[in-house]
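Before any comments, here is the structure.
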Amino acid sequence: MAFKGVDYYGIEELLSDEEKMFRNAARGFLEKEVEPLVVNAFHKEELLNMKELAPKMGEVGMIGATIPQEYGGGGANYTQFGLLCQELERVDGALRSFVAVQSGLVMYPIWQFGTEEQKRKWLPQMASGKIIGCFGLTEPNRGSDVGGMETVAKKNGNVWVLNGAKEWISEASTADFALVYARTDEGVKAFLIPRGTEGFTQTFTDKKGAMRVGDVGTLALNDVKVPEEDVLPGSTRVKHVFACLNQARFGISWGAIGAAMSCYETALNYTKQREQFGAPIAAYQLVQRDLVNMLIEITKAQLLSYRLGRLLDAGKAKHQQISLAKKNNVEMARMCARTARSLLGANGCSYDYPPIRHMGNIEAVYTYQGTDFIHTLILGQDITGIQAFTRKL
Amino acid sequence: MAFKGVDYYGIEELLSDEEKMFRNAARGFLEKEVEPLVVNAFHKEELLNMKELAPKMGEVGMIGATIPQEYGGGGANYTQFGLLCQELERVDGALRSFVAVQSGLVMYPIWQFGTEEQKRKWLPQMASGKIIGCFGLTEPNRGSDVGGMETVAKKNGNVWVLNGAKEWISEASTADFALVYARTDEGVKAFLIPRGTEGFTQTFTDKKGAMRVGDVGTLALNDVKVPEEDVLPGSTRVKHVFACLNQARFGISWGAIGAAMSCYETALNYTKQREQFGAPIAAYQLVQRDLVNMLIEITKAQLLSYRLGRLLDAGKAKHQQISLAKKNNVEMARMCARTARSLLGANGCSYDYPPIRHMGNIEAVYTYQGTDFIHTLILGQDITGIQAFTRKL
Amino acid sequence: MAFKGVDYYGIEELLSDEEKMFRNAARGFLEKEVEPLVVNAFHKEELLNMKELAPKMGEVGMIGATIPQEYGGGGANYTQFGLLCQELERVDGALRSFVAVQSGLVMYPIWQFGTEEQKRKWLPQMASGKIIGCFGLTEPNRGSDVGGMETVAKKNGNVWVLNGAKEWISEASTADFALVYARTDEGVKAFLIPRGTEGFTQTFTDKKGAMRVGDVGTLALNDVKVPEEDVLPGSTRVKHVFACLNQARFGISWGAIGAAMSCYETALNYTKQREQFGAPIAAYQLVQRDLVNMLIEITKAQLLSYRLGRLLDAGKAKHQQISLAKKNNVEMARMCARTARSLLGANGCSYDYPPIRHMGNIEAVYTYQGTDFIHTLILGQDITGIQAFTRKL
Amino acid sequence: MAFKGVDYYGIEELLSDEEKMFRNAARGFLEKEVEPLVVNAFHKEELLNMKELAPKMGEVGMIGATIPQEYGGGGANYTQFGLLCQELERVDGALRSFVAVQSGLVMYPIWQFGTEEQKRKWLPQMASGKIIGCFGLTEPNRGSDVGGMETVAKKNGNVWVLNGAKEWISEASTADFALVYARTDEGVKAFLIPRGTEGFTQTFTDKKGAMRVGDVGTLALNDVKVPEEDVLPGSTRVKHVFACLNQARFGISWGAIGAAMSCYETALNYTKQREQFGAPIAAYQLVQRDLVNMLIEITKAQLLSYRLGRLLDAGKAKHQQISLAKKNNVEMARMCARTARSLLGANGCSYDYPPIRHMGNIEAVYTYQGTDFIHTLILGQDITGIQAFTRKL
């Protein structure tokens, strides 16, 4: 059975049977269980009930896909994780966000930098979707400027005391616990803080124009006490933060393809059926040009992400290569959402068609995990050898 | 007192005192009475209460500005109408839509093509905002293809019987009456149909990603009977439809400037305050580039609309010139909304800042009153002498 | 030894040793023997002496690379041919044009559609560079509209009589013979016409802004007589014309990468050395953004052409996939040439730096072998199922 | 008689009769006397003979148009000067360059900052075209970074001794004298240095891809002695340099319109005549889109330059407003040249059609008198209050 998706350069034949089956299973589940809930939820900014959905997603292997099976993960390769992200965001970016956070930003650092006890305690339950985590890195005044982190942890005997605030945190109000970064005398460290801890407040941020089906919010830390056993021992360097981001950014590069596919396919079907001036509008050159531009950009994005997955699987990818795919593919999806929306005319303004919803979501994706500017400068530094993030040389 | 708005090429000094006063009054009213209501309404798709707002707007001269004073209008020139549209859309596109429809698409054709009785009956009450009208032209299968209109009116004695449907009609569910176009044996005619007429159904269309504070909906006509006295006598030709559209399109060209101003000013203020990596982000070249691009495009759009207003006032504007300004300025505002939103980073995803709301709205504006493609082809036909709307030569 | 070229996504490791060696040999030859001649020749529109160069190129295997060795060719795969085109156009597009015409547009159809005698007669001598052919398809009034061909061949006994004209023919004035397409009662046929044949005139076209080191000209046919033995028997359908174009278009997609590489590397080196306002200009965000955009677009183009080569080698590529790569990569190179030229400031206006020369050349490439519009519509037809080349549905 | 040019928004009626007559006279002269010489000269990089042409241009009032009549100038307003620049560049950018340098960069500073003797000595002869001057500001290592000027003048009794080099100087090898800027202990000063002065070398720079009909070259200063009477007394501050640049940049903004007009008109005529697939190519949507984009961008550029001229005439223009028009209009012309060239297909590669020549020229214009980046940052500084030229805050 041919893959029902955009595949103009035969990438399907480069995938293993296992990879294809994994992707197809994910698509089947999502189309049946999740897609029908999305439009209304987005319209009203009513969150999908992840407490209900996550265990189902865990059951079909959507969580912790790349984590080893001994910790409840799927032991999958990066290409599979990418294909999963594609299918999730094809339905809605907030779903991909959820999985990227749970798997890439919380499970991954626990697995990489945690103690054996921490791994045993958290990973299996997270993989099963019974426990939801969030990733507390971004701060109100320090979006991209991670180096300027203001949240502080001070050691008091065997206990750390945290103060600060985190903003734009996916799953903030839903999470059963948060992995929170704070500055210490020993460098940046990651702390695991359960819901309900004294002084720890989780709040939902409403009135958003993007990701309206997903939980986003703030974490406030007011003399929050964390015992030493809930500190990740291996996470004392900012570099480790970036290791997590690489997971998420790679997933985003595939998710963007999913959103773009959804937009392109919607537009293609629509323009072939919609008639104006005596012909389907797909018969007009201006419409064909828009469709073709989408096709070309999606095809190139696919080749980028496919190649990147293989490099990651081989342990050869460098983070700047991931920046390239994140930056390019999100900009690509942004263009596709806008183009598809306009091809749908007035119907393109309705949430009954996916493009305008993706158009909102992709703005969040364009910004988080490194804005377009940040990735430009990461790449710029790599090729010129000169950093241009700051004004100081 | 200097004008608080974007004015890089000194357009302020080209305006008369009257024009400036009119604009300033509109701005004052809108900032005080309407702006505080918008964010929540947009977020929840709860319509502004036009039944309450319209009479206030009528009082300050915002409705029927260009209609002669003897019919309750303002007797203003086109530049004033343009400036009004700018101020309305600076707050929200749905407000400009409301005024454009009420004034340009309903009052204008009644004034131009109506009988003296019709004018006396409708215009003063509409100008005072006590009565709201809507404009029933667009059909489900015939967006841009007005020539293919499917709504039909058949004469039965002294009464016309209408059947058909209209879609994406601003003020559809709120309007006290509708001006509806239908195909007859004598050509296209315009019918005035009061709310509550048997067989006439007005429905709200929800789940939109654009213009969420404004009423948009459908009109269904099921054997609706209209007496001869409620038919506009002068409207038997499609050409007259276009006369109305010219009013609306000119207003849109100014409204787009208002939305773009709002986005640009928000981004400028934000980037001068937001610090990252040791400096306000406005100190970085990539940010300055985005701000400058917005400034340049807004400045050019202003010169277009200003010149167009003067041509209209002199009775010299041709409709293709209006197409140029509509097409250009809406595309310009679309770019500004997108750019400003991204400059705001994660905060740009929140409705607490205007850009992402304008970003949604402008998609509707990009589509209605002639899509970008339609205006391209209107201009293309004008300069080449060859129509390229249809496939037939 | 690392490849000295743009390779941000590790394509080098996907190439076989044979492929790399072939490319490196080509680069070595071109840098030593040809590159030093190019600037002055371009400046003065003095053609490279292909009568001298072609035999040298033949010797190092640059001609007929994909033709079987039994006919003097190299028996190489498509990826090798692509890499060769990259290296040729890295130096100058006219060199890639020469090889693409000789190998893809003349040798390939003789090999595919010729008789055994024709193959034996022409192919080995062409492969050695001793004989140069040209491809007479394009006509003065029929650029993209091959179906409207006006050159006619009429049979008179055992001899065909040709009348017509061909324009913008690479190697027109230099070629030892031309493969000329003409309309006959039996369909389009290809004729082999030696230099000096009565009624056959070969003229150089001067005053060009592109490809100034390469021969381009016209062929005039005035009652030219061609014996049956010099007609390709298998070429009676327009489809065969397209088979030849596929060769050339695939080569162009790689050639464009070569031109873009040259531009990018020139700009990167220049901006790292050139100081302004106290820093190398590569330290400025606006400059880094331009460099990064080039890098991203080149990387994607490489992945397209690499994948396409493998599909061609596997016999699976369809011509629309080739259209995608031709269209995308040439537009990409056009952007890179323009961007690199501007990064070089005033020096970018001098032919002493490659970008402004590539900028001229790429305009020819943008147009020939299918303009950007034509490839848009080829792809549009493929995805929508509706042709939009003509106005007739 | 209607103006034969692009005028979609009725700018013609905003011009005075004097302004129109002046423009029409310039056009008449240029079309008759100069245009026929351009193609061959460009192709071969053979300079137009300005020694012959300049006196004729002086006779019809093309030189020193805005200089008062008492010094031989035309006493024209800025709009006239702009219209003249438009007509000059419509034929070739090098002609506009010549006039901009002669009038704006040499005559203007002498008039503004010179002594009465200097004015009497140079201005009338320059206005008549009998003497040609050049403007020596740009240095090899200091393109945009005027503050870092390396040419030095040291006072030795009553004589200044200059050492240094200037590059990319229009009219360098032709000029009868040069106005050269050098750093002194008293700040930057301007020196008038006649041809043939000992140690002063004027050299032509060949192998350019832009402005091939115009003289561009280098000035070398090797212990060049300049008496005090040949120093401009009023030019001791860098600010004065910018006053000259304002003249030139304003002229460029109009010149770019002229080049764009030429491209647009060529493309419009060509596409209406050229047939493909059964119709003139102007009948196709993709072609109409390109034509319309050019029209829109030209119209906006005209409104910018027209408004700017009136602001200058009223003494109200600030230099950042000029930056906006220079930056915008040159980018606009660049797009038009590229677009028109591609619409001409293969013929667009020939210098027999103007677009590809303008395409080369405009690259020089994009760079000189402030690159696109420099004007972006000038505007960025103006609106944000923060300079971003250097890395130091």
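Should a chain be cited, it is by its letter among A, B, C and D, assigned in written order, with residues numbered from 1 in that chain.
Here is the rule we use: contacts are C-beta pairs under 8 Å (C-beta built on N, C-alpha and C of every residue); 3 or more make two chains touch, one makes a residue touch a chain.
Keep in mind it's a predicted model, so treat the numbers as computed, not measured.
When every chain is reduced to the mean of its CA atoms, the largest separation from subunit A belongs to D.
Should one ask which of B-C and B-D has more C-beta pairs in contact, the pair is B-D. Spacing of subunit A relative to subunit B, judged by their CA centroids, is 38 angstrom.
Per-chain Cα centroids separate subunit B from subunit D by 42 Å. As a whole-number value, the distance joining the C-alpha centres of subunit B and subunit C reads 51 Å. In subunit B, the residues touching two or more other chains are 279, 283-286, 289, 376, 391-393. Remark: subunit C residues 39-40, 43-45, 138, 141-145, 147-148, 167-168, 205-211, 275-279, 283-284, 286-287, 338, 341-342, 345-346, 348-352, 356-357, 359-360, 363-364, 366-368, 371-373, 376, 389-392 touch subunit D in the complex. By the touch criterion given at the top, residues 284-286, 289, 391-393 of subunit C touch subunit B in their complex.
Remark: subunit A residues 8-10, 268, 271-272, 278-280, 282-285, 288-289, 291-292, 295-296, 299-301, 303-304, 307-308, 311, 316, 321, 324, 327-328, 376-377, 379-381, 383-386, 388, 393 touch subunit C in the complex.
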